[in-house]
Amino acid sequence: MIKNGNRIEELQIAYIGGGSRGWAWGLMSDLALSPELSGTVKLYDIDKEAARRNEIIGNRLTLLPESQGEWRYEAVDTLEEALRGADFVIISIVPGTFDEMASDVHTPEKYGIYQSVGDTVGPGGMIRALRVIPIYVQIAEAIKSFCPEAWVINYTNPMTLCTRTLYEVFPEVKAFGCCHEVFEVQKLLADMLADLKGITGIRRDEIKTNVLGINHFTWIDRAEYDGKDLLPLYKEFAQKYYKEGFTKQKKEHWMNQYFDSAHRVKFDLFLRYGIIAAAGDRHLAEFCGKAYLGSPEDIAYWKFNLTPISWRKENRIRLMEQSERMVNGDEPLKLKGSGEEGVLQIKALLGLGDLVTNVNIPNIGQMSGFPLDSVVETNAVLSQNRITPVAAGRLPAEVESLVLRHVANQETTLQAGLHQDTNLAFRAFSADPLVSIGVRDARDLMQEMLLNTKEYLPGWELG
Amino acid sequence: MIKNGNRIEELQIAYIGGGSRGWAWGLMSDLALSPELSGTVKLYDIDKEAARRNEIIGNRLTLLPESQGEWRYEAVDTLEEALRGADFVIISIVPGTFDEMASDVHTPEKYGIYQSVGDTVGPGGMIRALRVIPIYVQIAEAIKSFCPEAWVINYTNPMTLCTRTLYEVFPEVKAFGCCHEVFEVQKLLADMLADLKGITGIRRDEIKTNVLGINHFTWIDRAEYDGKDLLPLYKEFAQKYYKEGFTKQKKEHWMNQYFDSAHRVKFDLFLRYGIIAAAGDRHLAEFCGKAYLGSPEDIAYWKFNLTPISWRKENRIRLMEQSERMVNGDEPLKLKGSGEEGVLQIKALLGLGDLVTNVNIPNIGQMSGFPLDSVVETNAVLSQNRITPVAAGRLPAEVESLVLRHVANQETTLQAGLHQDTNLAFRAFSADPLVSIGVRDARDLMQEMLLNTKEYLPGWELG
Amino acid sequence: MIKNGNRIEELQIAYIGGGSRGWAWGLMSDLALSPELSGTVKLYDIDKEAARRNEIIGNRLTLLPESQGEWRYEAVDTLEEALRGADFVIISIVPGTFDEMASDVHTPEKYGIYQSVGDTVGPGGMIRALRVIPIYVQIAEAIKSFCPEAWVINYTNPMTLCTRTLYEVFPEVKAFGCCHEVFEVQKLLADMLADLKGITGIRRDEIKTNVLGINHFTWIDRAEYDGKDLLPLYKEFAQKYYKEGFTKQKKEHWMNQYFDSAHRVKFDLFLRYGIIAAAGDRHLAEFCGKAYLGSPEDIAYWKFNLTPISWRKENRIRLMEQSERMVNGDEPLKLKGSGEEGVLQIKALLGLGDLVTNVNIPNIGQMSGFPLDSVVETNAVLSQNRITPVAAGRLPAEVESLVLRHVANQETTLQAGLHQDTNLAFRAFSADPLVSIGVRDARDLMQEMLLNTKEYLPGWELG
Amino acid sequence: MIKNGNRIEELQIAYIGGGSRGWAWGLMSDLALSPELSGTVKLYDIDKEAARRNEIIGNRLTLLPESQGEWRYEAVDTLEEALRGADFVIISIVPGTFDEMASDVHTPEKYGIYQSVGDTVGPGGMIRALRVIPIYVQIAEAIKSFCPEAWVINYTNPMTLCTRTLYEVFPEVKAFGCCHEVFEVQKLLADMLADLKGITGIRRDEIKTNVLGINHFTWIDRAEYDGKDLLPLYKEFAQKYYKEGFTKQKKEHWMNQYFDSAHRVKFDLFLRYGIIAAAGDRHLAEFCGKAYLGSPEDIAYWKFNLTPISWRKENRIRLMEQSERMVNGDEPLKLKGSGEEGVLQIKALLGLGDLVTNVNIPNIGQMSGFPLDSVVETNAVLSQNRITPVAAGRLPAEVESLVLRHVANQETTLQAGLHQDTNLAFRAFSADPLVSIGVRDARDLMQEMLLNTKEYLPGWELG
């Protein structure tokens, strides 16, 4: 990497995963739209074909006339090839296939346990974590060997345990996890200002928020626009739309149907706890036991959706076909900003302008009341070659208690995953608020789920 | 009170409550059997008739030939009369009637929530706490006014919140809570030594235990007999009796049927967490959500009992009749040691011999990892006019997490009760692991339960 | 205050103190050089004449052709007049006169205690704090009454206790303390890069530092330029100049003679503790007992200076004469950036661009290992109407111990000052590392110093 | 070891050190006076001749008609021989000779630093610690190898660092440190009751105290006799005898002259801090910098003594001569209770009766506000095969700060000793409140002291 004033050349990025496409193309666009940056992106995916298609698409995107940075994409065969010389490592993988994910999400339904996503906490998130931990152990060791000074950006879920595993294995790693869920809440606050105050055109990054918690169960205890406190307004907003929910008038898009909500869970949580729950309702609900996930009817009442794996499979086919068309030239390529912050973060870390945003990193004190070293999500200042979390303060006692039980479970899951320990795994599994079933059923359920995913659990003794 | 060498004369004890009889008679017997003590017991109960009957019974007991201490029992009409001049205050009340308790225990069954006792945590324990808090506020203020130097022994449940309220209102109070649940586990360990090692005749106080946690969810991480570690043996014991449960051969007694268990919950918890859960299975189960309380069948499987309020009502009639007979002289009075430690504790605090036992008092550091000032149960040294908790150390992470969520709920419940705050009450109510139902149902349930008990909730606005 | 896009109009600033001139003129210049800002500055000083002179000078400065913001200066007679309607409050006062300061600095010399400044810790700083506390109690109450929403910037020493008192009296105050000592160390690091690497022209704000500690005893455990770690270079630098000291070639200026040093104390502390002590040597030395202040010869050896009060008095006359000439028009007025950050901070808080800089505010967790609520100095993000400290992490154990004893002393001094408690005052006084004398002498010394300053100690009983 | 009811037979005790005699003879007497115990004491000392003399004396003592326990004393040649099979290990050694101790105590006098004992903190205590650490590393490893289940009682100074080293090297060690300084303060409180209230004949163990702090800088914040608070009385006592000091009328004995004091330091500390400093004045003074140790005149004013090493050398000769006479039969042997608690502690750990007393063990929470694992002195319950510290609570803020700086220094000293690190050693050395001299002098002094003791500092690079 070479820095010439405000231009960075020969930057080297390792992209691990990305075969699932959406994320990768967004990043490619964002890179192409950054005049200050140029370099090479090495694509590594266990699905080599997917990596090769992305190579083709990336190299085409960079040739578009509106493309500003010069980038070369190169699919590689090994993790080592991707990592050697990397300045940045981006990780966005799927642990296992959608078949394993189907087990994560749907097996618990036999016991009346519904999960809207199944990739963070709950029985599904926990089993997914057990799959992801050995993969991240391997990645962490490779980073330690091949690019210990690189910055590592994680997008994989479960975010907390992916990031936590990297630090556990290689404590000096310069890694952080990124998630756009808080952004969506900032957008909601902007929509609120339009709805209640007629102030339109506000960008989500003009809404200033103090973020506390853990990924997908983050909270906002201060929010301001133009220096004014937004919490009293949010109370009004939550009360106004509590019953009906709030939906922004917008073009319907198939992609949104399973991810959208009417924010009723968020409103209910606000009215209960007095601060803003800051993630999508689908994610929030999974941390709250059966409160919003009692039954399919319950979920419909709260106006959010379960995300069936069948949809993910269909969507994957659509993306593959789209990828095919893009590779074949049947679909014109377009540069379009992703709205994600990945490239802004890279620029900040390269010294091209500080950025304050929310990231997932180990707790050095930014979350008072949380154990040190657990991975938390708060704002941080990203500046040249450094991330410094802000001191976010402390959650209200009742919210803190809700969050801390998940932190405890995640730490136990980490140890279970590192040591292939079924007993520890069950401590975490049975303590999840969604696993509110008899302990015998819980044992059976966990065993079934582990067996369904056993291919990805090397070293485990599974009966 | 006058101390003559090892004899204490003119000791004054205020007994608040006790109309429910069993506890009172046990204490009366224990006092009568203590040659070192004599004095007056002032009996105050809102059921004045009950107090008067106890007065008669107490005075008769003291006349029995085998009685050694000289005691005078006196029913009084006001709290003030009971407390003025008291050296010790014993509190053992029932907040509300069995009708309110029936609501505590049985209303949640409509939503599939079963409670084996309903007086500690869970929806029932929490509503009971709301009833008890204003009563204890009043008692604490009276103690502050009339006998601030007295030692206060609490037997009422919910133990933690009764004791906590006393300290919140009058921080200098010299109060502690006592409970015999740990004793029963020490007896079980003695039975284990008989069963596995053939060592018989061990008294439960010869089993040395380190106690950690909160009342009815206490744990033992070290247990010794004759200096030998009992945990490896307990593992063997738990495995041996895991399936069938362990029942000591003993005379069947009606009183035991609802209180007994086969310890299967305890064995399961031990095999899951590696340390000994130290309370009756009925109590332990209530802290663990649906794990052992999924359904009546589940409960039968785990071999413990729900305690229906109908039984309590019948038992009460039996006790009233017995009381009648004792007052009328139709039933001969007998002195019989209660097996409780109350009088031993009184003696220790009077300087007649140190005692190390488990008590419930505010945390000054004895429970590492727990918030200061929350009421915890650990061992303490009782010596003349002083209780000093021992540093009990820290629970294993997963157990700590299970216990801390209840500590947080109890603190919230206290604030809800002190401020008659429905919103705070619902934070605690909905966070209880047993309230694993939709948030709408939870709201309905709490509202119904509050209304059922509203006579005992002065100052609350209940829709 | 009116915000028009990026222009702020009708801003109202209360300037409390400032009669000592230097600081006030710098701020006036900085305001005049800020095209985005205009408004009114209300000047309040107990020396009304000084305020009136500053009014004249300020209004003249704003008329200079190169002046960009439109400002009106107005001397007022009461604190209330200054504060009513204020958006910002700037406090820069001298507690007592130079006679009291002479006692602070020189009385301890009778006992062999030398102080290089005498305004922060040590016997002088502590007695100064006792004078300043009642004044800040009064200011805090006035802010609470007249402008509770205003931002308050404190420049008075002792910085920590001034800021701490504001928060103690009015916990919602939006106050922070500013100090340029860390800037000087950033400049030293820039000089180091020139000296060792030939890289010149680096601005001090291009040196990125992580700041930890308390005012005048701050430390830097990470420092970077262009993303590169500067600590290894600083080690080289400290070793190279350890013996001779480092002095930048620059025009000699009388003002610098007492404030300058050759950084030998800093180098010695670095070689002892491995991180950078980040304040002037005169300040650092006072926190370290006799290590660098054993005798005048010792001080000369370490190449820094004691600052005699006689010099301050002479300097004050020079400034008064200069003020006279400026008022009379005998000395031409010039606008000249002060190098201070006050106006940058005001702009950031007005929403004109975030700023990361070091400030003194209560600890909400930014300094791990320090008591909550104690005032600490770390970096913070200043943004619109908000200051968010960054999580600075933790000092090495030995440095932490050195700093924490001063934190403890400051908390005791605060209580002593608030309650006029001589016994508490002596606990703090005698625990200062500089007061390394017999306890009898220490009592005599404190008593003499208190009597010397008794006019400023209302409510104290001083024998 | 065999337990027969209340009799313990074939107990095996390893006595490490003891060549300095006084301690050893006391223990031998106490053992002989214990009818419940019998067994073997293996004596190991690097001065083999001393061990052999003790063997002879011990075996003679056990033959005295009034001797009740049957003991066999056996001098052994290796640590291993002493430890193999041991149930208890008693360690009471002198690290180095009196020549090294002379350097510890007297070398600092060149710089005006006076030490009344020189074996705990201060420059002397710290250098002594560096000698003792490698010896205790060796002992800890031997215990781990040869008797890992044995209870280890340490009497060597510096108590804290000896005990701390054992736990650092072998965390499972069952070790504790014992010191009689608190007992002396309990005796003083008994004398106070005689002096002020005419209550005589009170045994020191009837005075109940809550002990907080570290060895030789312990504090008592609650003290009671017969359930009554003694602190108000102690205030009266301290004021009455503040000027003249308090001396009990007793037979003069040469042994006491250097160890005695008039308690003026204790009284002064009480009047300053409101709680009782609980060690001899000679020890307390050394923790307080120059407060009571400014000069020999100062020390005389406070009515305590420096303990010159010349006296220790002479005393040693006296003890050797006495030993000689005892071995030769020229001096009749007598059994006389030592007043120490060692044998009581042994009995308690053998299950012959609980004992609550003050011991030095790692902090598991018994000292709130102190770092975990640092060795602290509080009360503990000694029972069969277990020591459980009581939760002692927290020191007042100002006292806590005074004590914590020594805790920090001790931790640094430990690391310096374990890693032979001169730089770390100087951090601790220079931070000691007594080392209140210029940093250059401090370096010279430490270097000289290290060289004087270099024979006992294997692995150190000392210029």
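Observations, loosely collected:
So that you can tell them apart, the chains are marked A, B, C and D in the order they are listed, and the count of residues begins at 1 in each.
To be clear about the criterion, contacts are C-beta pairs under 8 Å (C-beta built on N, C-alpha and C of every residue); 3 or more make two chains touch, one makes a residue touch a chain.
All values reported here derive from a predicted model rather than from experimental measurement.
Separation of chain B from chain C in touch steps, taking the shortest path, is 2. Ranking every chain by how far its Cα centroid lies from the centroid of chain C, the top place goes to B. Mean C-alpha positions place chain A and chain D at a centre distance of 58 Å. If you average the CA atoms of chain A and of chain C, the two centres end up 44 Å from each other. Centre-to-centre separation between chain C and chain D, using Cα means, comes to 47 Å.
Shared interface positions of chain D, defined as residues touching 2 or more other chains, are absent. Applying the touch criterion to all chain pairs gives A-B, A-C, B-D, C-D. On chain B, the positions that touch chain A within their shared complex are 268, 272-273, 288-292, 294-295, 298, 301, 397-398, 400-402, 404-405, 408-409, 411-412, 423, 426-428, 430-431, 433, 436-442. By the touch criterion given at the top, residues 3, 208, 210, 222, 224, 226-228, 350-351, 354, 356, 364-368, 379, 381, 383-386, 388-394 of chain D touch chain B in their complex.
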